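In order of appearance the chains are A, B, C, D and E, and numbering begins at 1 in each one.
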Amino acid sequence: MLKPGLLRFLAGLFFSLVIGWYVFPYALYEKFEQPIQFSHKVHTGETGGLSCTDCHEIKSDGRFSGIPALEKCASCHSSAIGTSSQEKILVDEYVSKNREIPWLIYAKQPQNVYFSHASHVKLAALECTECHGSHGSSDSLRPFQRNRISGYSRDIWGSTMSRINRASWDGAKMDDCENCHDRRHVANTCLKCHK
Amino acid sequence: METNHTSPRYGMVIDVDRCTGCGNCMVACAVENNVPPADPKATERTGTTWMRVSKLENGLPFPENRSVYLPVSCQQCDHHTPCVSVCPQNAVEYDTESGIVAQIPVRCFGCRYCVTACPYHARYYNWWDPVWPEGMEKTLNPDVSTRMRGVVEKCNFCHGRLQAARAKAAAEGRRTIADAEYVPACGESCPTHAIHFGNLSDPNSDVSMLSKDKRAFRLLEELGTEPKVYFLSEQDWVHAIVKNKISTELKGHGNG
Amino acid sequence: MQFVGGSALGLLFTPIPWKVLNDSAIWTQNWPWIPAPLTGEFTSFGTTCTLCQSACGMRARSVGKQPVSLSGIPGHPFNNGSLCTAGILAHHLRYHPSRLRQPIKFLPGTGYGTPLSSTTVVDEISRCLNGNRGPVVILDGRPGRTASALFGQLGEAHPAVRYIPMSAPAFDVLHTMSDAPLGPLGYDIDGARLLVNFGAPLFDAWGTPSRASKVMDTRASKTQTVIHVEALCSRSASRSDQWIAARPGSEALLALSLACVMIEEKLYSAAAARTIGDFGEFSDYIRTFSPEAVSGASGVRPETIRTTARAFASQSPALAIVGNDASYETCAAVMALNILAGTVGHTGGVARRNAIPDAAVFPSSGVRAVSLHDVPDHSICTLIIDESLSGCTLSDALLEKKLVPKDATIISLSPFVTSRPYCTQYVVPSTVMFETMSDVPGPIDAAVSSLAVSAAVLQAPDGMMDAVQFAQMLGRALGSTTASGTTEELVKQRVAAIHASKRGTVFAPSTGVSTALQQCASADELWSALAEGGCWMDDAARGDNAPAAMTLMNAFRAAQISLPQSHNVDQLFVVPFAETTIYNGTPVSPLLSKVSQESGLRLSLRQAYVNPATAMARSVANGETISLTTKNGSMTVQAKVDASVMPDVIFVSIAGSRESSVSAHSAHDVRLLCNVNENGSFSSTPVSLQKVTA
Amino acid sequence: MLSLVFAYAWSTGNIIFLGAFFTIVAIIVATLVTTTLRTLRALRANAAEAIRWKSDFHDMPSSSRTCRHVFTGEFERRVCNNEFNCNGCEQHALLLAQQNAAAMPVNAQMNPGFALPLDRLYSRGHTWTKQNTDGTYVIGVDDFAARLIGTPSAIDLPAIGTRLSINGSAWNFKKGETSVRMLSPLEGEVVETSDGAQGWYLRVQPLSADVKTGHLLRGAEVGPWIQREFDRLQNYLADPKIGLTLPDGGMPVRDFTAEFPEKDWDAIYSTLLLEP
Amino acid sequence: MDKQLISRGTSRTPLPRFMLWILPWVAMLGIGLYAIFLCLSKGLNQTNMDNRFSFGLWIYLDLTVIALGAGAFFTGFLLYILKRKELKAVINSAVTIGFICYSGAVAVLAVDVGQPLRAWFTFWHPNVHSMLAEVTFCITCYLIVLIIEYIPVVLKNRRIKNVPSMLVFEFELHKLMVVLAAVGTFLSFFHQGSLGGLYGVLVGRPFAFRPALGIWPTTFFLFIISAAAVGPSFILLTTWLTSKISRKQLVKPEVLQDLGKISGSILIFYIILKTVDTIFWINSVHALGFSPAGFFRIQEFGTWILFLEIVVLGLVPAILLLSNRVRQNTTLLVLSATLACAGIVLNRYVMTIQTLALPTLPFDQFLSYSPSWQEVATFLAVIAYGMLVYSFSFRYLTLFPQEREIQSV
């Protein structure tokens, strides 16, 4: 009597584990493709010669302009430089129509979070790669994954709940900010990062 | 709750003799901090005004009746802060880097214990979802997050402005900011310059010196909460009423 | 059973419950229906406020072009870094929920309107104007703009059109007392040593929000004394050096009583008296109003009146001022005081100012100042109103008297619905601040002329018209020619004319200082200073500009001031009460709820101040609802018991009431309860008070 | 929580507060886990019926728990608290040692008229058992229970092979809406069932040679016991207005249930047949 | 079916009559659930609470029912720890009442907070200095304990216990009940105290603020003792009421008298402490510069309220309950217990409502507050919920083990 009971029990357990660890994480996120498969690799390093701050700049009032406006792209790409299909989209769909590119921003902070690139870059002298990893040398853009419940970008929240196999730049949860602040003996008060 | 005395402790000194009770501070605060307009059903007791101008009367009949206006925001208690210790989930915190009592609405779950605890009635619960007329949401200040229904909010000395000032300093490679770089919206908007703002830890600052003026008083000082908002008045009756706790000598019922 | 148990246990070891718990909490932190602020580049620009006539310089912090907060420009000659409560919210005006999106046509007597399309409304307006029904009157709520000049051109060019720029009511009366034209007048408030203020909210952002600050700063040096006359200890009264509590409606009596003392004790200016042709008649007339005779009606002791009169005569220059909502009688009496003191046309008194030097561009501007009082009764068939919301109190009663009964048409340009129940009305939606380029002249009662500019930074919604376009549209409809070109082109011509005059000073926000216009190299430089929130200020008129010949009784025969027969001690009176004249009734921003509805700092719509003694006698407690009944109707209001107001007088808020459609006895607006006197102002009206029990 | 939560500090307050909290959570969890494990173990050990008896025993009114030594007159009043487990009862052992069972007279007149042969052992639940020659035991109901129940509408017998425990459920009678559980007088495996036509219902193979029957009533105890039971029954059947009367001149009828259909038989069965 | 669920040997009112009895409660619960739905979907603007009266009827209700529900822990403590066996007669009822009171309180709390979905933050980011964190932890734990304690009562149902696993589980759980009783007592002590501390720590509310004894304000201890004092009285009262309504004797009279005696002896102790505390409070607010009488100057909260609380509803029932002769008389006994319960109801009212109604700032005025219909309906829903759970429990479970014995005699 107990044997089949135990079996059923284990079957239930297994069922939950599969749903919970494989189906649920997959179903939780909505995937969106970026409007253009932008290649950081082409623009930076030996090939492109641009540095991060050429496009992502900190203004004199300490505000970070984030993803550059179309104007910036258009300053080089007023007409197609290469022959790639992505560049054709850029020129035909956005530059020539003067439409801003609706980028999906992986690292966009929640509205209640305050983050100053100026203090991290200028005062703490952090490298871009410290938080953004090798993103700057990637050849294509990963799909943007949006949590269906919270609306947050998955890249911010890490790949898995248990945060196994997580690269140092993969995600920036509140804990990550706090960890780094703690390591560097920076205050961890709420108002430090919340607005 | 240790106070780091090397970091600034921001405070405010309000000259009530200069205050005309115009209400600029209240609306400037609402604009700065993305406080929504009133719900049609909101009242004096359910509305949200981080800075609230109250009227203090001398209690005499017409025409001897005189009143002063007291703009009362969060008093940023420095010691035994009544709201910090009561919050069950650390949504209220004494910010050691500025002396500001921080309210983090996204942590708050709306139990309103802090509202009950605050003797200054400086805390406001969002009874309604914030609603802005169509298009007006474009006028929201990006330096301050909007809040949702069901949480408590209050004055934080326009902390968004402090963050902006710090970011600007950081861009220039500075770690400290001058007093003049950071003024809350109420102080900036006061047409009679009744509101002084600055670092109380700096003995040479405007507010430090004014706070030691013999005209200075604080609200409910005897409770020992060490508010960082001071008031100035030359009028004896103002001091007398504030000290004599007229409140327990109840005059009547009201919606106050 | 076991399966369910197993899955339940297994579930606890998967992310599902924890992640859902966590994410649902995050969801409450980012509710999609809660708006988020804009993101974008943070900038700032200077401009000039157009909400009222004060023309305050303001700096807007903005995301992209979108202003997110406003503050005064430090050093600005008008407002020196201060803004008023409404000014701080000026960028919300554009989004006010009651803003008109479409032209609307109201039918007489109904209070209901039907929306029209833009083209239909132009056609209908053309038909009205060309109906040959009688004179077309253009009422300009803010004279001195480019649009005003265009309206003026219409008046010049078209025989049927009369252009009436709104002016300060007190100066209208003063004009009638002068035998020769006086030209533009203004109060030289800053120059006066003694100021007797009959109820104007001087320290409550009247004229400029920075005045209270200025007075406080100079109080130690005691350069000016302010005596305030009002029935309650208002913000201005309590900030003044002396407050005289006078019964509402007795201001004219009190002013005449002061004049009486001046004449009795020969305290008047002999030079001024010589210019008064009917001094003897006036002296006889005024003897009735001795301090003793007036004391009962005004509640002011005779000694106080005598002391005040002596101070007014001795502390020269002394200036008596009234608010823009004062009655004709009060205006006449107060202006008589200024004439007797001999300060009309002098520094520190009622100054005569120079017109803006742009006559070369707009020949009509500043000429033919006609008052609405001068228009024959029941003569206006078509009335065109522009800028009716910008601070000039337009008396409904006076308008009704001037319009053709039952058959008049009013066309107004306004961002909000303004409905007048007794006539057909077209409301054309107008652009508001930040949507339109506009030149901003200074206040109509300023001592010197000035000009500033308010720039267009945001796209106006479709179908909105600015004043210049409106004037041009009227021109086309009337078949007259008006200056053509965009507002910006026209304003630039004006600025060039000013630059050419080399008069006055210019304030540049970038430097924060004012410099003489002569040092301004080019018209473009002046333009750019103005475009970033600066302003040009004319020089004060030089020399003695005292009027040569006056006939005071011109005004007093029309004023009909008499001492009340007897005063019933138990009688209550109701008085319409505007806490600040600037934004009361003008919907600027829903955030104004902070200073009224959400805090009780100022009266909200349908609230009234009641003295504690008055309230107690009728067992009314603070916050309770009371019903007020006069012979004109009744309304219910909430009582705010306040010891700073006079006993037996109920001050009822008129805040916000212009938004609601009004019709007699519907009692949304306390003004409907009040008696209206001959000259269109409200008199204090006997009222009975009942407590309303729910 | 704890170090998982950032900025957690090992302050005294935190340690005391969270320490107390986790201790309590641990106690609660431990209690639940212990209970679950014990439950599983008991179920595996087939102890459910024994536990049912233990559990039920304390829910029975004290009148149902009279000690057997009251029947013999050794006590005026004594209530058993030992689940009628006389083997484990020190007092019982002591009394057995003192008396000579054979010397006790058979107090026949105590019996109000029930046929209770003394060749068998009676359980307190009104079942009896008797050893067969082949070593198996037959189990039946006594005359009292038979008259109490009368003709059952159905009999719910256990399957062959079911293990019975002492005072555990043996079988159920259905009587209208109510169901009556009969207690097993002894431990064993059911080898045969019957509809009661032969006077018995179950034939049971004991699990061990040492058959425990010490708790069963016998001999002189039976009469006073059944008298007492009959008194209790009369108590129930008495018309509260008239007092004690008995049909048939005070003699037991064949079917009490049929005679007094208006009575709460569910409660009477429950009390007299020891199923609370 | 209904009959099959009713415990053997106990008679219950016929099903239709029972349905008639529960109908109004179901209706009340339904209206209350609608009010709760309104509050959760539209926000707390549905209530008449505001920024000045930020705690209202609900918090008052919570404090009161938790105080009255203290009978559960205290009876458990007396029975399992101090081995007062006679209390076995009411323990099941006490546990049920405790379960009702606490689950009702927690349900109302979930409506009362603005963001119930974030309530778990308290567990993840607790502020150990907050009395409310202490309350939250203890009430959550204690509610779990009460559920676990209530489970055996349910499992003892006639039908459920026929399932062997249920029966065995109940049996095994009951064996460990002493552990749960001990844990429950510990938790109850703390959260009853913390609820008192809730107001006692409010520096900004001199009316409620009390100096600390150790780390807790005196109200911490007063709340524990008052709850312990009144808990047995409430059990007495509910038992008597159930008995009256069901027209059955459920426990032996000695049990009620015993409860009364326990209640009385703790109550007298409490009243002494409360008096001492009040005297100390008068001195301390005076030292702060407040006029102690000023707190009682408004008519609704005059000094009479202090007299009523301490003397009429405190000292009087304490003395009555301590008298043997009074306890012999059921009417007087029940009356005294009622007075004692009313005393705690008033005490919690004063601590919640008067504390908030009194102004502190010089320009404040006395505040009034009247709950909205949604608040009242939610309040009544908790009452209805309690009545339903208790009615069903009484019908189908064995709340009073003595009942059957008393019936069978």
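The rule we apply is simple: contacts are C-beta pairs under 8 Å (C-beta built on N, C-alpha and C of every residue); 3 or more make two chains touch, one makes a residue touch a chain.
Given the structure is predicted, the values throughout are model-derived calculations rather than measurements.
Novice: Show which chains lie in contact with subunit A and also with subunit C.
Specialist: The shared contacts of subunit A and subunit C, listed by label, come to B.
Novice: Counting hops between chains that touch, how far apart are subunit A and subunit E?
Specialist: Contact-graph shortest path, subunit A to subunit E, evaluates to 2.
Novice: Can you tell me how the remaining chains group up by touch if subunit B is left out?
Specialist: Take away subunit B: still one piece.
Novice: Farthest chain from subunit C, comparing Cα centres?
Specialist: Between subunit C and every other chain, the largest centroid distance is to D.
Novice: Check C-E against B-C and say which one is joined by more contacting C-beta pairs.
Specialist: Most contacts of the two pairs: B-C.
Novice: If you average the CA coordinates per chain, which chain's centre is most distant from that of subunit B?
Specialist: It is D whose centre lies farthest from that of subunit B.
Novice: Quick one: most central chain, C-alpha centroids?
Specialist: Here the chain at the core of the arrangement is B.
Novice: With centres defined as the mean C-alpha position, give me the subunit A-subunit D separation in Å.
Specialist: 72
Novice: What's the distance between the Cα centroids of subunit D and subunit E, rounded to whole Å?
Specialist: Chain centres of subunit D and subunit E, defined by C-alpha means, are spaced 40 Å apart.
Novice: Averaged over CA atoms, how far is the centre of subunit B from the centre of subunit D? Could you give it in whole Å?
Specialist: Computed value for the inter-centroid distance: 75 Å.
Novice: Two or more other chains touching the same residue: where does that happen in subunit B?
Specialist: 43, 46-47, 55, 57, 106-107, 129, 144-146, 148, 150, 252-255 - these are the residues of subunit B that touch more than one other chain.
Novice: Would you please write down the residue numbers of subunit C that are in contact with two or more other chains?
Specialist: 24, 27-29, 36-37, 39, 42, 622
Novice: Show which residues of subunit E lie in contact with subunit D when the two form their complex.
Specialist: Touch residues, subunit E against subunit D: 3-4, 8-11, 123-126, 128-129, 133-134, 137, 141, 144-145, 148, 156, 161, 164-165, 167-173, 175-176, 179-180, 183, 186-187, 398, 401, 404-405, 408-409.
Novice: Quick one: in the complex, what on subunit B touches subunit E?
Specialist: 39, 41, 43, 45-47, 54-57, 70, 72, 80, 82, 85-91, 107-113, 115-121, 123-129, 148-152, 219-220, 222-225, 241-256
Novice: Give every residue of subunit A touching subunit B within the complex, in rising order.
Specialist: On the subunit A side, the touching residues are 58-63, 111-112, 114, 116, 118-119, 122-123, 187, 189-192, 194-195.
Novice: For a test of understanding, state which residues of subunit B touch subunit A in their complex under the given definition.
Specialist: 93, 95-98, 100, 102, 104-107, 143-146, 156, 159-160, 163-164, 166-173, 175
Novice: If we count contacts the way the header does, which residues on subunit E are in touch with subunit C in the complex?
Specialist: Subunit E reaches subunit C through residues 115, 117-118, 120-121, 365.
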